[in-house]
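The structures considered in this document are given below.
In what comes next, chain A is part of two complexes: it sits with chain B in the first one and with chain C in the second one.
Coming up: the complex of A and B.
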């Protein structure tokens, strides 16, 4: 009989318990709740697929409008922010590898620290910077625009806050990956007469392919869960054009009136499915490339 | 064998450490610390400066050596936590402060304990000793469920220096600024100056509904958002915006008032303390603007003491809660420092209270009557709809007819999902 080995359980145990208690069980209950009508206080009432039918097919319903509008706005945010969150840290990481750059640690710290500041606090500061009356953009550059109330400016200030706070994490990963690249590859490229751009395209990028795809997957999934930036910078306006799906989900479940947790859970499950499909697609792409 | 024993002990230790973090902290439902049978756990949503004032009040009460000491727990996202503890039946606080708007919904969900025993234990806790609107907001079908701490109302602050500069201090003569008076300033202001901001615009609209004789519900208790009165209220406010007299959409009109560029700010009674800290801001307070000086309202809410249903709360502890509420009734002058209209008559009638700016709202019967608390069961849904659509309509980003139709649908759809009464614990 095979003996039970206790040692691995010690290492994995605490994490497993946390995962089950705070990850798995709430997720399973959330899926169950999505098939119910529930106000968080009374017992959930089983309604089968009604919530999904309303959200997906009842075009006159407020909840259907909220889902499609929220999903559309979330996609806009993901498509607009992910390229910046990948390309900017990548270019900065490549630039910091240049031998001529001094104080690399300082630059890295300056770019990393915004990620440690709470998004709410940062949003307050950026809100003042873009304030049309009192702000820096108005008084120095003469841009007399109420940013938060007009498109595309409302998206621009959300993106600026996101990029400012979001590039540090990927930057660290790229720097670590780039520093691990075998120097002989660059020397060989130099002998072949490659210039700096060619070395970046033909040596650096293929060498960090895996971390690049990993950050792409994780950044995309993270961006789908966007919540704080539009909430704080524009409150979803103007005319709900920056209200992302997570904001609708939160407002339905934790509204000032009676909670609509069942409908909110159904929306959350649908958002989860969207993220899952995109992540699977990205992972397949990643695994193919890593082979 | 020894190695295995050590491994097992380490595992047990780690698991117990992990689970201890998830467990409840007390036997009687306290939160965030150890409590005992002699402590009243008191939750409030007072996450701002007002939480510190409440801390001071609780400290002063505990210094009187009561039989039951009060433990004040400022609870962020309190309503979510209330739903959680009510659902699980564990960790329910002994006493909580809830907003007036929540009372009908909570009663409907059978979440509140009637305060009959509290009122028997302390007979001075009765309707005669509080602002009527605040007291009545806690009465549902003849049963009293809450005791009010305050009324916090929509208020209109004015910049005295700017009024003088534009020669319109006479607007204040009858304590009501009218739409016509504000519109008379069209084309007369310097660039960058505005007559009024759009702070708490949904509250301003709700005041106009009362001024116009409308309501947010019909005779059958159905919500009414898409009404002629609502349309008129929004159209009239939009005229101020269209005339360039309202702070631009998306701008922080509250800050613009504090920076001396706005004549009137429609925010809340509680912001007087923040305005007072602005150097050089010479301000006063009056009523929310209206159509006619004879008819004016200020949309208000109230912080109210309530007991969530909890079988574990002993009768003796309820007497302790009654003692605390009676002490608050007599000693809540401290709460005036937070900028709130104190609900207790003995406090708002006292000479000491008159030095606070918000005493304006209890300075006459007409003023007290102007404080309007909506007690409709679905008021939170109506308020949420207005918060979602009203600013876009007022600033011309959304057609008013279309916006009102969407707002009505928003409320109707949400109410359809209300499960109250379908299945209760």
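Coming up: the complex of A and C.
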């Protein structure tokens, strides 16, 4: 008679339980809740596609306005921040590859450390830099601008905070990948008379295309979840022009008088679908180009 | 001759370009932090009357004293304690669970093992934003709103660290455990005596990133903590921005921000090589 083997259950069981309770169950319930009217307290009431219809097609409803405005602002943030979060660390990694450069550890540490600072503490510090009376920008550069209250300055301070704290992770991935490139590829390019710039384009970039793809997809998906930077720097202003979708979702579900969690769940599902589609699109696009 | 000369000229030029770029960038990166630190040592009278200066007229610690003495509206020491408690327990549990689970998925033989693992991995790629509201409901049902458990347990469901550690365990030759098995060692002995020491460096990295990740989490604590006494410091700073910001107490805002970042900075100073080493782990998998 075959005895039931208990050992796998002991080793993988605890994680499996956590995965089901805090991973699988919330995902399924989140999709279900998007088809309901729900106040987070009593049982959700099934309303079919009503939430989606309101959000997507009812132009007079505030929910529809919030969704499209939040999605637009989230896209603005993603499109403006992702290139910097890829290109700056890539250039830094290339500069740190230069054999003549000393103090590499120090440069790297200075650029890496802001990534370990919580975004809310970073926002307080950058708030001082852009402060009208005491700040750097007004006193050193003479830029006397109420940053958070005007566009495009409100976006600029959000982006600066994001880039400041956001390049460290990608920098470390790029440095590791570049240092792993086979040196003979560079030597071959040198024999062909390639200069530094040509070597970067023709050897370095193709050699690290998988880490580039990986960071591109992950950075983009991460940026779609933007929340803390606009909340702390502009409170979503001026005129909700920096209110991102996560802020509306949180307000609807958790801070308005009575929770509108069903509607918020529908917005969350739509945002999730957008993130999935874009991740897949990026993946296919880069895979095709790299072959 | 002319050719070597032009090459060395060329490489000098690229060296200076690299230096210029790095130095300019590092100045931009370092100045806000340094200016935040010096401002935290300015007196409130100086802040409102003297105007802009790089360095304080008098270096005073009154902001730090005032910040620490406020134990009602913005109890920052309590917040720091909450954050340290949450991040330490969370990171420790992640390391324990991830190492045991990864052993199960690499060393134990059972039907559908790899299928199960990759199914979980696939599900975990589902965008997390959908989970947010139901996760709150689950925490609420468990009675964990405004308790440390709200931040300690949900993260244990993660697949990223498990994937990383599993990759490393796959790379450890099976012959090692087979030899031990012949000597009569059971799974727990093999796990503890053979596998665990070999994956130690990865587990340290997992601990550090779980710790800093938990410490810097913002959206989730803002949702699950409404009790000022119970929240971690990141969520506390959002409250504090209104409390001190409304009275233009810039010095106290800065001293609070500096206090909030000291623990993770210390961690970086002591464990710098592991943070930087993590790149080799990443590159090993993704390269």
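By definition in this document, the second predicted complex is superposed on the first by the 265 of 291 C-alpha atoms of A that agree within 3 Å, B and C clash if a C-alpha of one lies under 4 Å from a C-alpha of the other, contacts with A are read in each partner's own complex, and residues count from 1 in each chain.
Please note the rule applied: contacts are C-beta pairs under 8 Å (C-beta built on N, C-alpha and C of every residue); 3 or more make two chains touch, one makes a residue touch a chain.
Not measured: the values here are computed from a predicted model.
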item: Joint occupancy of chain A by chain B and chain C, clash or fit; value: clash
item: Of chain C and chain B, partner touching more chain A residues; value: C
item: Touching partner for A:18 - first (chain B), second (chain C), both, neither; value: both
item: Touching partner for A:62 - first (chain B), second (chain C), both, neither; value: first
item: First, second, both or neither for A:150, with chain B first and chain C second; value: first
item: Partner chain in contact with A:37 - chain B first, chain C second, else both or neither; value: first
item: First (chain B), second (chain C), both or neither touched by A:173; value: second
item: Partner chain(s) touched by A:133 [first = chain B, second = chain C, both, neither]; value: both
item: Chain B versus chain C as contact partner of A:254, first or second or both or neither; value: both
item: Touching partner for A:201 - first (chain B), second (chain C), both, neither; value: neither
item: Which superposed partner A:114 touches (first chain B, second chain C, both, neither); value: second
item: Stretch in clash, chain B with chain C, out of 62-70, 80-88 or 296-304; value: 80-88
item: Chain C-contacting residues of chain A that also contact chain B; value: 7, 10, 14, 18, 21, 40, 127, 131, 133-134, 254
item: Chain C - residues contacting chain A, complex; value: 10-12, 14-15, 17-19, 21-22, 25-26, 29-33, 35-36, 39, 47, 51-52, 97-98, 100-101, 103-105, 108, 110, 113, 116, 120, 123-124, 126-138, 140, 153-159, 162, 187, 212, 215-216, 218-219, 222-223, 233-235, 237-238, 240-241, 245, 250, 253-254, 256-257, 260-261, 264-265, 267-268, 272, 275-276, 278-280, 282-283, 286-287
item: For the chain A and chain B complex, residues of the former touching the latter; value: 6-7, 9-10, 13-14, 17-18, 21, 37-43, 45, 60-63, 127, 131-134, 146-150, 154, 234, 237-240, 251, 254-260, 262-263
item: List of chain A residues in touch with chain C within their complex; value: 5, 7-8, 10-12, 14-16, 18-19, 21-27, 29-31, 33, 40, 88, 91-92, 94-96, 98-101, 107-114, 116-129, 131, 133-136, 138-140, 164, 172-173, 175-177, 180, 195-196, 208, 210-211, 214, 221, 224-225, 227-228, 231-232, 246, 249-250, 253-254, 261, 264-265, 268-269, 271-272, 275-276
item: Chain A contact footprint on chain B (complex, rising order); value: 4, 7-8, 10-11, 14-15, 17-19, 22, 77, 79-80, 83-84, 86-87, 101-102, 105, 109, 111, 192, 248-252, 255-256, 259, 261, 378, 380-381, 383-384, 388, 391-392, 395, 397-398, 406, 409-410, 413-414, 417-420, 422-425
